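Across the two complexes that follow, chain A remains constant while its partner is chain B and subsequently chain C.
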Partner chain A sequence: MLTRRVAGPAQQVGLAIWARAAGTLAPPRNTEFALLQDSDLAVFDSILGSGGVITDPHEVDPYNRDWMGKYRGRGRCVLRPRSTAQVSALLRHCSARRLAVVPQGGNTGLVGGSVPVHDEVVLSTGLMTTLLGFDPGSGALTAQAGAVLATLEAAARERGHAMPLDLGASGSCAIGGNVATNAGGIRLLRHGPLHGSVLGLEVVLAGGQVLDLLSSLRKDNTGYDLKQLFIGSEGTLGVITAVAIQCPAASPATSLAYLAVPSFKAAQQAHGVLQAARQNLGELLSAFEFLDRESLEVAKQFLPGARDPLPGSDTVIPYTAQAPFFLVVEIAGSSEQHNAAMLEAFLESTMGEGRVLDGVVAQDSRQAGEIWALREGITEALRHRGAIYKYDLSFRVEEMYGVVGAARERLASAYPSGFLGGGAGSTAGSDTEHALKVVGYGHLGDGNVHLNISAPRYDAGLEALIEPWVYEFTAAHSGSISAEHGLGRMKAPCIGYSKPPEAVRLMRSIKAAFDPQGILNPYKVLPPE
Partner chain B sequence: MRVLVAVKRVIDYNARVRVKPDKSGVDLKNVKMGMNPFCEIAVEEAVKLKEGGSASEVVAVTIGPKAAGDTLRTALAMGADRGVHVLEDGEVQPLAVAKLLAALTRREEATLCMLGKQAIDDDSNQTGQGLAGLLGWPQATFASKVVVDREAGRASVTREVDGGLETLSLKLPAVITADLRLNEPRYATLPNIMKAKKKKVDTVTAQELGVDITPRLKLVKVEEPAKRQAGVMLSSVKELVDRLRNEAKVI
Partner chain C sequence: MLTRRVAGPAQQVGLAIWARAAGTLAPPRNTEFALLQDSDLAVFDSILGSGGVITDPHEVDPYNRDWMGKYRGRGRCVLRPRSTAQVSALLRHCSARRLAVVPQGGNTGLVGGSVPVHDEVVLSTGLMTTLLGFDPGSGALTAQAGAVLATLEAAARERGHAMPLDLGASGSCAIGGNVATNAGGIRLLRHGPLHGSVLGLEVVLAGGQVLDLLSSLRKDNTGYDLKQLFIGSEGTLGVITAVAIQCPAASPATSLAYLAVPSFKAAQQAHGVLQAARQNLGELLSAFEFLDRESLEVAKQFLPGARDPLPGSDTVIPYTAQAPFFLVVEIAGSSEQHNAAMLEAFLESTMGEGRVLDGVVAQDSRQAGEIWALREGITEALRHRGAIYKYDLSFRVEEMYGVVGAARERLASAYPSGFLGGGAGSTAGSDTEHALKVVGYGHLGDGNVHLNISAPRYDAGLEALIEPWVYEFTAAHSGSISAEHGLGRMKAPCIGYSKPPEAVRLMRSIKAAFDPQGILNPYKVLPPE
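And then the complex of A and B:
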């Protein structure tokens, strides 16, 4: 049992800090950082030339706001370099002046890591989008850090390969941001985490030094593997300027099924669908995702164009209309016929045994696209619905859904009406759009659940009910409080729930070695001292 | 009333189309294939007619090689009652397809033929019209709404035309071709996919149907469209005017 971690955070960071930092309230500004002067802007201008520096408050504003609309900084200036040399010159100046800097890619991060907390300068990779190379022999793709994931995916596809990761934000997120957050997503099950597929990185350190680790060799055991430290460092150790990544050969044939299952147990348990899939589909299995009924309802209501793949199941088999869980199972292989035969045999047996109630098999890429859009669109649908308290947790697969039920119970007893009291959105009792809603979805095959509490607005009382309870619950069940989104600003004070004090101390010394002045993405990842 | 619905196996609309190096056609090796989207819509409409009580039986027909049988199974999984597979490995041009369908319509004594308005591989948009001509039946192409009045023996079909909607009233038997907005085809559910395996599929050949399918058209060559040049971002209106005047020479 790893419950020893439960007691950690309170002792470690102190309850006062906890209360301040865990909320959406900002930690205080570090007064050691310089304030931006006109003379700094002149230097930035001289490095970047026209169009490289944004200071118009209207144009700066989107760089100050996070994707969820939960965090908002007060940065006054956005830097948009095009080259590594420019990043280096910018950071040399910022460290000389002790100006704090937030690296920003596509700004789709979900933990408030990509926007300033106070007046940090935003360093955006938005103009660093060049594809630097592709090795057809090995599948190694090299690109500037700001290249958008979907663009790289298209480039890899053109060449018969695929990116080793895919996620719902692929149209906006940048490869540098993916590496900086160690993003997981729907292909992790098949291709493993970025720690395996990133071959090399080019990074500019806080002082402006360029660290060239941009090897595209598959194997390289010369000394400490420094690039690993930057994977998941969330902009706190250096600015990633280029990425070399291993792209697997694209599978010629993929097949997709969307299944209704009678319970979470049936989905994963010893004799559940996941295990059957692992055994019978083996190496073909390429994604195993889940959504609960509440997630489906939110997507149907708030995602433009979303369609329920099993709308008529209530007439065919009455109880599937109320099926509590749905799975998205993808297989990828070399032959369409073989795929279809394997998938059908697998589905026939799981359905025969009652572990699957009903389901559909996509008959073409349009249907497959619609099903993926539904699963991947839940995050966006939740944003359309209102405020979101988002917890990206991992557990042993068997236990991963428990937290969703526990959260529902907790909210139901605190808010018996199902609504927040007072303020906007509290009025009409029947207006379900304003009801509190607890949904769970995510990467079942990897034990990663996205617990989301959807509310009409951000509310301190609601937040206090969820946090730190959700972190305590997670630690008590030996889970991780951040499976793939990172800690960012939101969970920096909470690292102790998942890491022992010795580890946090070592992280601090690593941070100090790379960024002695602490100018890179301050107030993020590590708890306040 | 028996409905005959035609389904064609085509290259998946998302697949990357590669022209064969000798320009003799499109390379279909290892390319994802599936039912023509307009055929899917036709199947959905036929199944709806049956569910709504206007049709008594839906017979799905495909013409093509063995693999086209998969497409037929999809139609059966969507709710067609049985299938007919005209097994032909070679090229079958629109006129030949129309003749085969006419022969089958007579053989099956169908009262309504549902087709997609066109197939997305060749975009010929001829089969439905040809079929109606061969049978001497009324036709309504590009349907966006279909209402069948069984008692009156008529179908009312709405079509999207330039500037509005046109509604036709046809006397059955008739031929109707489906446009994009007619309906949203359903997914094939697992129980229905399993049921479809047990549904009856007849296999026939053009010869058995007494239809000559010798190609009448000669394909000269297939070429990829010219690559579009990438756009350029200009920094000012002045530069735009300058380029339009001096480079494009349009003003």
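And then the complex of A and C:
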């Protein structure tokens, strides 16, 4: 049986593959930052007490490595505060000494944003996991920044509500990290981005000042909405220590359909399945995800226990075995009966017109869980396959899959006889350990495609073929080079593909106002000047 | 028959009442700003051409006066650009000359934010009304900043979508002004705040630089989300020239109930009507508004054609005539039949338990329109009654009505024999033109109460009784002194009641980075240093 959630940073990848490629080369260390001294460790010890400071290299190691095995820093210590006051005292010291700091939540980020680049001190929120409050009148939940998303989801569910976001890493990602990276995920379609759901934040600024914006009011229009700046700032403007967030009422009835469609166009075109879902399912629609056949094949091969929800050979409609695209459509409402009637009408209309080849409706929560595990497990499956180049892009819905085909063509022509002898690009059903695989999946309803290029190892030549081409392609199609993952270390130098110089100039002035010494998460988000 | 929408700034109030009271006294003019010269007008003329510059005092006058007749500036000219390039050229000149500028949309604001305080130049977006695009794949609508909300709503409806916000002033307010003030309104309960719905903005900075953030992508995580700063900045950081906004699919079936409840507590308490609505109506719930009896009486008296939806004397349940509170509960979904079944179950459960005294369900859109006109017309009705002290506050839902009772007590004890001989406070059914009336209504589902104190004229003694008491009361109950109206001129000095000094310090540094000379909407939002 599949587990729905991916494992956290503690679980190790089988392949030990470290980046030596161009784009993952570290920018030079900023020599204005101080070097960590034993006297600093003594101060940290005095602030945090026993167990609060980790310096054993073996224990520090996982905090230096990102989830993909792509980025690795060489921080010498990890700070584990339990309170906002401790975070404040730590940053006051780091600021006075000009020690660079990387805030780290669950370390599940995908752009190298949460690990050191050089010798930055890691400030982990791993011990700050307290649920601070829940207001049943409004659904406002307040928690320390290190609380794990799935734990908060369970707490909200117990109280008849749900968290407004969900993502594959929910078993290990922390709410503070979610907010700092403006995480998206599968519920954004229904509940909107965190910019609309986060009610309040408590943040410690670089100098140790505590900025108390931890209101749990739904509405507050008193001056510039500063908390918005921290949402998506990836720890570069302040360390989020607590979050208040609006939890919608939980829907008692959820239904899930898994559909095979003949083309991407059938999924999204003007009168396609998405449009039909928006019109027929309306307020019930809670997720509209897609995966291509290549994603399905990787998931089937590398996720233990994964099962094809539409195994072509076992059905009377064998052509679904070669269907190129699959959709996961979830609805959530107040009544099982109403859900069923609406879903049936939607399926009848789309299947009748040939926009859907075949489909299955989950009969219970176990089946629904299996389908979700497949969709959400693609990231994990790709990690097991080897190195991954991940591009989290957004486009107009109509155009969002074009980049996947273009990447396949580009790689196939660059490696006509295969990469390391394996087949270039990818075709359904064929997979050798040496082959490149180009897969596309993601949040169709939000125009967000995850382009993943899976390779046996990280390779400078391969990376140079993909970057900056993929960013140029995205900019040429008016897309965003980071839909939900952020810029981190990986895309900081590429911000210009999605933001004009005037915006970057204003971002720099904000960074300078909030963190004048630049000690918070250096080398990330903003490009070198 | 009532019209749903209130009239715009062109319609004049019968009572010509100008503020001489303490809180509405103007702060001193900043002498660093230049005085307008004829040579400036010549430059403006050359940029805007014929009809673009208004200098006739009679024509300029409405741009100098706010909707309530409370604030009046003495700007000498109004600029009416048609394009972003013109806005840029105008601000380049104003910046070079250090001329202060007030951006103005529909001039429907309620905190004196959109009119000059002294001789600032008014920059009106009244001619920038073009619908720039609509993406049927995503529901993204893009328009120039001066487009009127109701016009955009009609455009979205034609395309099967709806605007994510609606408010009483929709017939005259402009989308740019909505965004600049972070307008809330009756749909926030369902669709969340503008921080989650606005996809992109085009903004002209104080120096004339055009900041192009006009993406219509649903997701974009490339750097700090600068557009968020302009949402709610009330024209002090830049002039919004275009807006891209996410329009949800329109719900084909809408139902409306108007309910009389025995107490505010019955409406909101742990097992009250709001909780029941959240649980039973779930995803269908689209508005949950309230008005007190005093609001109802003012609306009935001053709105032409207003009709009491539950006229107690005509019914078999006469006690509703004295019911102290009324709720407007709207649901919007895909199916009339499902709506009806859900609403019936909800009403049965709440009426059976005595939480609702009586109720009526609108039988058609005309009846629904009448109920909405009553609720949304309270602001207009109060204006016809005379002077209004408006306080737009938010609290925890449970506590939100306390301030209304406390204000009544305070005024009744201050004026035991009545204000100008009229009865102090207010009681249902009694109204003399000299009496103070304290009314409360608003967005119950969002914890947002509109406390309005209606008086025959603006009066310094009366104002001194209310302010700062009302802000102290709000701060003591962890509320916000501005839920959705903004700070403007009225509450700029009071920001400290809702925001800590560290936040105000950061706001000042942002203002300095975006508008170093402070020429954009001076004397607003931030308190004098």
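FYI, the second predicted complex is superposed on the first by the 491 of 529 C-alpha atoms of A that agree within 3 Å, B and C clash if a C-alpha of one lies under 4 Å from a C-alpha of the other, contacts with A are read in each partner's own complex, and residues count from 1 in each chain.
The rule is simple: contacts are C-beta pairs under 8 Å (C-beta built on N, C-alpha and C of every residue); 3 or more make two chains touch, one makes a residue touch a chain.
Treat the numbers as computed from the prediction; the structure is a model and nothing was measured.
Peer 1: Give the label of whichever partner, chain B or chain C, reaches more residues of chain A.
Peer 2: Tallying touched residues of chain A, the top partner is C.
Peer 1: Contacts for A:Pro304 in the overlay, against chain B (first) and chain C (second): which applies, first, second, both or neither?
Peer 2: After superposing on A, A:Pro304 lies clear of both chain B and chain C.
Peer 1: I'd like to know which partner A:Gly447 touches here: chain B for first, chain C for second, both or neither.
Peer 2: After superposing on A, A:Gly447 lies in contact with chain C but is clear of chain B.
Peer 1: When the two structures are overlaid on chain A, which partner does A:Glu344 contact: first (chain B), second (chain C), both, or neither?
Peer 2: first
Peer 1: Let me test your reading of the model: by the given contact rule, A:Pro416 touches which partner, first (chain B), second (chain C), both or neither?
Peer 2: Neither partner.
Peer 1: In the superposed arrangement, does A:Gln363 touch chain B (first), chain C (second), both or neither?
Peer 2: Only chain B is touched by A:Gln363; chain C is not.
Peer 1: Touch test for A:Pro57: chain B only (first), chain C only (second), both, or neither?
Peer 2: After superposition on chain A, A:Pro57 lies in contact with neither partner.
Peer 1: Across the two complexes, find the residues of chain A that touch chain B and also touch chain C.
Peer 2: 252
Peer 1: Provide the residue numbers of chain B that touch chain A in the complex, in ascending order.
Peer 2: Listed in rising order, the residues of chain B that touch chain A are 12-16, 30, 32-35, 37, 40, 70, 74, 77, 184, 186-191, 193-194.
Peer 1: For the complex, give me every residue of chain A touching chain B.
Peer 2: 157, 252-253, 257-259, 307, 309-310, 312-313, 316-317, 336, 340, 344, 347-348, 351, 356, 358-367, 369
Peer 1: Of all residues in chain C, which touch chain A in the complex?
Peer 2: Touch list, chain C to chain A: 135-139, 160, 181-182, 184, 188, 191-193, 195-197, 205, 209-213, 215-226, 228-229, 231-233, 237, 246, 249, 251-252, 268, 270, 274-275, 278-284, 332-335, 338, 342, 392, 394-398, 443, 446-448, 478-487, 491, 495, 498-500, 502-504, 506-507, 509-510, 513-514, 525-526.
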